[in-house]
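Beneath this line is the structure, given in structure tokens, with notes to follow.
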């Protein structure tokens, strides 16, 4: 299983803050995300917008990062704290 | 009259914190100070040590500054506040 | 975001991180910062602080015309990752400007105009370390810690956009 | 020392200077800083502070061997000129990094180890102004304001020498 988390305007757009999906061997975040969009529709394109940040197990990663079973993946806009 | 003020180690060395002297027309701080040393003795050489700061009316000035009647002149070591 | 994994080294500085909805009192935090140390061995000569708070004004008058006055910020974060990111930021700062102790508090939730958002406190032997570390931490936090602000106006609300100037501010430290 | 007479221009920032023997409370000072403003128009987004305090440690072990432990600092100043100098320093800072308000408190008299000596507080719209102005004020004060510290050790006492590093710190701002 992979746990997915969504934050800020991405969470609002998708209308959900988290979900779980099945683990697929040797899948990059890019591919995993394309599968999500295929399944859930155009609204989910926001996940691949150029400024969307990807994290895996609470570390920012590139889109070609290969996901492992049990990983926590998050999608969020550029941060605006402080 | 000219009011003279001494601070920190200069004050301690001279054993006094202030005094007044007569005003002399067209006298620089350098000359005024040399007269003081002549009158009071070698102990007062501290006033002309290279790092002694001169102020006139609470502004730092050069040693060639010409004193006016009623001025407040101060001698002090480099500052160490903060 | 955080490209500084190499900075996660052991440091003997006392680093305290908190993400909280409650406010904070600067003097209390100063005391707690100082309580990290043996009273007999007070090597702290300098303490720097930075407080960020909700401003009422929008520089862009067209925003004010359209949206009305700013009432509050609503701040969301990624629990777990936020604390990890803030700790990394402090460790990175400590590596460059060794300090004795540091406290970073960041609030989340609904914060009205004038309320404090973030506090960075750094205690060091000398002023350069304290001031530089404090400045670095706030600059770094702004581009690395997963917080998001939503601006709540009289007539509308929108997510705050990341500022290019914050990206520039952090680049400055890489020189 | 102060070569910046040209900086004595009108500024609409609220500048508060105090030379005092009593201590101070950071939160109180923050409140007073913020009270300078109309509550309805809170443009302050950033507040920086710097606190300098008496350190117990001497880096130079040979001094410790000879003089014993540092017990306190005795701080003397030039009344009148000090306040004038501090005000000039703040006005100069405000010219380069416009801020809304600033408070500078400097203590005089006998201060034991761990006690605060100086507080610089700057409130501005944005963090860069607040942090840079605060840093500038403390750097400038150290080479311009007529204060002198005497270090009181167990076995002796001596006037603190001006540090070349403070001269370097202020030169940095002239670039």
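For reference, chains read A, B, C and D in written order, and residue numbers begin at 1 within each chain.
Basically, a residue touches a chain if its C-beta (ideal position, glycine included) is under 8 Å from a C-beta of that chain, and two chains touch if they have at least 3 such contacts.
Since the model is a prediction, treat every value here as computed from it, not as a measurement.
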Chain groups still in contact once subunit D is set aside, others held in place: A, C | B
Intercentroid distance (Cα basis), subunit B paired with subunit A, Å: 74
At what distance in angstrom does the C-alpha mean of subunit C lie from that of subunit A? 26
Subunit A to subunit D: how many Å between their CA centres? 49
Listed in rising order, subunit D residues that touch 2 or more other chains are 52, 138
Among subunit B residues, those touching two or more other chains are none
Full enumeration of touching chain pairs: A-C, B-D, C-D
Which part of subunit C faces subunit D closely enough to touch in the complex? 25-28, 30, 34, 39-57, 113-114, 125, 127-128, 130-131, 134-135, 138, 169
Name, in rising order, each residue of subunit B that touches subunit D in their complex. 5, 7-9, 51, 53, 55, 58-60, 74, 76-82
In the complex, go through subunit C and note every residue touching subunit A. 1-2, 5, 52, 75-78, 80-81, 84, 106, 117-118, 138, 141-150, 159-163, 166
